Amino acid sequence: MDTPLTPDQNLDTFSPERRAAVLVETLPYIQRFRGSVIVVKFGGNAMVDDDLAARFAEDIVLMHSVGIRPVVVHGGAPQIGAMMDRLGLEAEFRDGLRVTDADTLDIARMVLVGKVNREIVASINVHGPLAVGLSGEDASLIQATALHPDLGFVGGVEAVNPAILDRVLAENLIPVVSTIGVDLSGQAYNINADTVAAALAGALAAERVMYLTDVDGLRSDVDDPGSRISRLDVDALEALIADGTVSGGMIPKAQACIDAVRAGVGSAHMVDGRLPHVLLLELFTNVGIGTMVLPAGVTLP
Amino acid sequence: MDTPLTPDQNLDTFSPERRAAVLVETLPYIQRFRGSVIVVKFGGNAMVDDDLAARFAEDIVLMHSVGIRPVVVHGGAPQIGAMMDRLGLEAEFRDGLRVTDADTLDIARMVLVGKVNREIVASINVHGPLAVGLSGEDASLIQATALHPDLGFVGGVEAVNPAILDRVLAENLIPVVSTIGVDLSGQAYNINADTVAAALAGALAAERVMYLTDVDGLRSDVDDPGSRISRLDVDALEALIADGTVSGGMIPKAQACIDAVRAGVGSAHMVDGRLPHVLLLELFTNVGIGTMVLPAGVTLP
Amino acid sequence: MDTPLTPDQNLDTFSPERRAAVLVETLPYIQRFRGSVIVVKFGGNAMVDDDLAARFAEDIVLMHSVGIRPVVVHGGAPQIGAMMDRLGLEAEFRDGLRVTDADTLDIARMVLVGKVNREIVASINVHGPLAVGLSGEDASLIQATALHPDLGFVGGVEAVNPAILDRVLAENLIPVVSTIGVDLSGQAYNINADTVAAALAGALAAERVMYLTDVDGLRSDVDDPGSRISRLDVDALEALIADGTVSGGMIPKAQACIDAVRAGVGSAHMVDGRLPHVLLLELFTNVGIGTMVLPAGVTLP
Amino acid sequence: MDTPLTPDQNLDTFSPERRAAVLVETLPYIQRFRGSVIVVKFGGNAMVDDDLAARFAEDIVLMHSVGIRPVVVHGGAPQIGAMMDRLGLEAEFRDGLRVTDADTLDIARMVLVGKVNREIVASINVHGPLAVGLSGEDASLIQATALHPDLGFVGGVEAVNPAILDRVLAENLIPVVSTIGVDLSGQAYNINADTVAAALAGALAAERVMYLTDVDGLRSDVDDPGSRISRLDVDALEALIADGTVSGGMIPKAQACIDAVRAGVGSAHMVDGRLPHVLLLELFTNVGIGTMVLPAGVTLP
Amino acid sequence: MDTPLTPDQNLDTFSPERRAAVLVETLPYIQRFRGSVIVVKFGGNAMVDDDLAARFAEDIVLMHSVGIRPVVVHGGAPQIGAMMDRLGLEAEFRDGLRVTDADTLDIARMVLVGKVNREIVASINVHGPLAVGLSGEDASLIQATALHPDLGFVGGVEAVNPAILDRVLAENLIPVVSTIGVDLSGQAYNINADTVAAALAGALAAERVMYLTDVDGLRSDVDDPGSRISRLDVDALEALIADGTVSGGMIPKAQACIDAVRAGVGSAHMVDGRLPHVLLLELFTNVGIGTMVLPAGVTLP
Amino acid sequence: MDTPLTPDQNLDTFSPERRAAVLVETLPYIQRFRGSVIVVKFGGNAMVDDDLAARFAEDIVLMHSVGIRPVVVHGGAPQIGAMMDRLGLEAEFRDGLRVTDADTLDIARMVLVGKVNREIVASINVHGPLAVGLSGEDASLIQATALHPDLGFVGGVEAVNPAILDRVLAENLIPVVSTIGVDLSGQAYNINADTVAAALAGALAAERVMYLTDVDGLRSDVDDPGSRISRLDVDALEALIADGTVSGGMIPKAQACIDAVRAGVGSAHMVDGRLPHVLLLELFTNVGIGTMVLPAGVTLP
């Protein structure tokens, strides 16, 4: 599973018996996840490749149609960057971190809520009136605070009020959440989507949180495709961060997995969003995909 | 589809992509039937072949797990006959029809409710606490009357009180119904299972009623396997009975299809119970299977 | 109360005032038991005497009509034996215990679920659509394990999943339970009905469990009809078993009473099923009947 | 049943079998009335004789405990008269009708709501927290208008808003209603209790309305105790009023029966409140009591 | 706020903007109390001055219309006294305390339930079908015991069963409670209304209990109108009772405030019932009114 | 009311009695609208003036807090134009109508959903977690079709599926709706907000729809401020359009009023959004504001 899967040339020649066999093999997985909340962080290439995005929508709708309750969380750095460019604005950095002033926040919010979120909702609703877009501001879903005074309106998650999500899920709808939060004064903040996914999964006591990334999982040797770590517990993952095995851009994602599991989520997964239907493969087959982070001390057979 | 399908030798070599593709192709079918009541008359070889019976149970559980609400109705003539033989009893006939005296009724009920029903419930419950056995006597589900005074305790359906089925379905359970009815005095009757399936489907406003038989469907020329009729409406089917095209043992089944559709069921189906997973193939693929009976004047593209 | 009561010759001469007086005297008993779950183990002569069985059905329906929620549990050893005889089968014994092989289990299940249970349901439903037959296999009500490898499919109660009973009771119906259990692999077992009654009563937090027997209660001197013990607590009853006062066939019944009360049931009763309307007499009058087993240390005035 | 019943000397000698027999004979009556609303107009001697009042309370509680939903309606002319006397007030009449001025209304309301209603509630609640006192003013239950300008605050029923009764009944409580109504301006009126009972029974679609009176029913010959009319329909009753057979004080009561039945109540009954437990005798035995008024054209076997 | 407010001469000249401004200023108060239970003890001059009583009714209805759930509790000593006088009865005293014999109790109950309660209900229901009168006897709301054998039927609160209040509140109605209690034998007692208000507020976990009195609040110097104590906690209030600052008729009211707050009520208030619309002023404006009693150690900014 | 109101200088000097008087005068209006759905089209100067926008949010929250269920609908032409300018894009016109190509639609959606909607939600949520932003795409709220092929993605309302609004209202939240619709293929369209407000009000069976405009209402003589029409029915309004009295930019708004009322809305209102708190003045006072459009033939006193 270390190289991207190639499309299958002759799906049309599938025999009916094979189709039935696949469905029957799926049965135990469907039964296992029925009724579970699964939070999916949508991002990376999957979000900017139209075909992968359509596959993603199919997966979410299929999860929903077999009784899973998916919650989609998304960011949109590339799309925000593109709009900044188009408006001729330059990102300002301080100590290597991007500063979000009022105008930048306004644009980020507009792009996230008004464009990226809408496109995800639309791609799901092609299959029926299923998705509802939400922002962290709606019904005070995500309460934020400034992460650092120098960074402007970049926020951290102060608290989650999942009531509106519970209601939307109870109505058998699929919430799609933009990661804008709000403080008590009504000021909005842009928040890292990995962090928000972990916080929402914890607040919803989700069975799983799944991060779509552009890598095939964590590796014990970053240069060796064969060194992917299939499963580890949060303690082991923290040790890998401490000893530098996990480094660079994977650190925030790994930390979000740790936070989610420590907050009570059943397991956290980093999976390769470049694989078409990666969610179905992970949830409904025994194909080993990505890296699974388990609670401390938990091992699976 | 006119010859029984052969098992597929190399399911294990299915690629993950193919599995995902099958699931995704199934999505529109799942969405279409979600929440629908589908009454399935279980019978024929499928009921006496252990392997086919296990496949049937898998199909019912899979239907249930994707949100369909299946209701199983069964008879059990072969099993009743076997017990009669074992007890050294001979069937009595009058004008070519089997007479059911009190002792025969007692044995029929015992075999249907105490053996056949139990085995179906058990085969489903291997997958979880899902099935509940019911007899038409429970909570006065099926009110019967004597079909003919000479035939003893052979009954017809006088009325259906589907309240107990509604309750069991509302609890997300799978009812398995033995076709014993009861009259107002408390006297039990054995009733033809095809008739009961049609009556229950009508009373439940079912989306479909499906009859598992030992043939591949109705044929316009009984000797020509290539003459299977895929689809027809009730008027056409009545004409086929009138002109003798449908004859012999297929008449009661065809009549039950007509009764069900006239009672408001969306469509009635005669499918080949000798095909493993025939329910999945019919419901979740576009493979043309058996014969579909539609309301008068309805045609499908 | 030590001899069976004789029928009353002149019920018809009851004056209206007397009738009203009886009803009014019943009021405190009705109020006391309103809403309570009462598990009744039906067995002994009452089950094989048609007249007593009809009286039993009346009692159950009357209990139900004044707001009690009765649950009927039954075995059927005599009826199973009769069918074994009719089929020319001989019971096999090992170390004095009857062995239940697959064929015997099949017959036992058929008789219990398909005949005895049906007859009880029918006798109740003469009064309205009230009773629903259940087997311990339905919705995994009774999880069983083999009692002893040498005995074949004779089971003990491993666990009770009372969800289906709760649902049936919530619908204001009367469950009638056959004592077939099932293990996780789907294998059925025949289980002692006294044991099942105690386990169900415990799982339902029943107010009472009542055993219909062919004796008038426990006696301190088995040969002295005047030595019936009206009331004792579980500790006292265990002492009576230990010192041999309770012996032979009464031991399992006494043990079931102890188990039920230790599992939280308000009280357990052994009453004389040969008395017509013994349930009404015990529940709705101050006539002292049978033996009442109370929690340790509890005494009544 | 034409002479008042005498108390039974030896109730204590009832055998247990007799008691059981009475209960079983009651079963069909209990099943018939289960869930029905029965409005009872309490009045006459029964209301001023402490022992009869206690019996009445027992009857109401017993009705309630077997699933009937009783509604008690009461007036209180004797008690109002006694308080008027005590206060040294004299009733004023105009054209033979008592005039109700503001002070009289105040006293009537005080006595009805604050004394008579309270005593009925208290006598029922001796058996448990069951009764709730209501006045027609509460939540605008009874909307009244002046019957005649000369009579002051004597009202007729303009409309009934049974919402508060529905709520109280839904909570399984027993409403006890004082017959004070209110007009849109908030002015209170004293209303005839027979009229109110008919109006409430109609608005509640009651199964029955029962009037406790001081006679044993309507007679075809007022002087012949043997001429009691057991049953008649509203047309026949209107004819009896027209031809003078029903006369004097019985006219308003007969008219209330007619109004109730014409408003959809199943039947209206005039019964002898001097008989202890007359409600139980009428509802739960086949003793012929009082006079039953049926819808036009309805006859019973 | 130390002198009664004078009516405003030119309300009609209010500009629309001023009206809007008042409403907007009220918003935070409405939001704060929305959904809260507030128990109001109605008494003093406000109860016997028709105009103040009408203002009180308006306040209660306005509280209700903005989502507060008010519960009104009332006594009626002056009205009882007036009826005693009218009947020529003299109050009997023992050791300075009024003795309530059976006749006095009867009259007290009649006046409270049949007159005072009715008048409050009527004044509220002028605005719609909102109020329902209750006595502590209804559905066993207030269980009482004799306060002292010498005092006859003067009761204390033994227990509160708030079920009927919960139901009435759940139906969005306004309960008006007369302070008659009842013991287990059904004997009624007259109970001090301040005490009942505190007990009900505690049992309902009310946000507030508010006492309408004829003074402007507690004073640190009873003769100095400027010494009103705006706020204090229960410990401070107990100290004021102990050192004699609170004395005479204010002691029972102060004690009721302490009891309510110790029973979990958010705060207790003594306000001047002689002020028109005093409830609105206290709840919806920042005008400082009366004395607020807070839980031990709680202070407000 | 023909000239804009001037702010009140001395609100702070309001006496408490005056405040109470205003609240009490508001009571009948609160009672009248309690529970009603009122759709408010937010637009014009009120949407781009920060202070007016804050007043608008206060009005919406106050409406909500007294039990009204407001639904806010908004457009945002000026904000879309500003973003177009900022991006250096020029609007294209065909036959005088603005053409919406894919890029323009993308920007319109981004601005409406991601900026304007967010700002309204934020301004309301300053008062608590009350508002939830929705787009017509969410759960297929607004089904659209192209208005004219030459205009690109400018849509008309094809159908409304108010389920998501019903849910949000049932949860006591305030929906804020952006007027983007979607066709069955998933293509989004920008729709005129006046039209959407009318369609939503009709689908919700709203009591009122209120349009905030920049004029003080319809005038019979557009140049005469004194010729404002306070009230007229839909037939009269259609006549005014036909005879040219209503002309220019007021026609679409007038047509929306007609459509809403013809679809079953109680009344439609054009009010001057430049007045602070115009919603409160219209709903809660008897100040005559704007123009009210009533169903055909309805007149008010």
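For clarity, chains are labelled A, B, C, D, E and F in written order, and residue numbers in each chain start from 1.
FYI, contacts are C-beta pairs under 8 Å (C-beta built on N, C-alpha and C of every residue); 3 or more make two chains touch, one makes a residue touch a chain.
Since this is a predicted model, take the numbers as computed values, not measurements.
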item: Mutual neighbours - chains that touch subunit B and subunit C alike; value: none
item: Same or different contact residues where subunit F meets its copy subunit A, judged by the half mark; value: same
item: Chain whose average C-alpha position is farthest from subunit B's own; value: E
item: Centre distance in Å when subunit B and subunit D are each reduced to the mean of their C-alpha atoms; value: 57
item: CA centroid of subunit B to CA centroid of subunit E, Å; value: 69
item: CA centroid of subunit A to CA centroid of subunit B, Å; value: 44
item: Per-residue multi-chain contacts in subunit A, two or more chains; value: 128
item: Graph class of chain-chain contacts, one of line, ring, star, complete, other; value: ring
item: Of subunit E, residues touching subunit D in the complex; value: 86-87, 106, 109-115, 117-118, 121-123, 125-126, 128-135, 137-140, 161, 163-164, 167, 171, 173, 180, 182, 185-186, 188
item: Subunit F - residues contacting subunit E, complex; value: 1, 5-8, 11, 14-27, 30-31, 34, 55, 58-59, 61-62, 65-67, 127-128, 276-277, 280-281, 284-285, 287
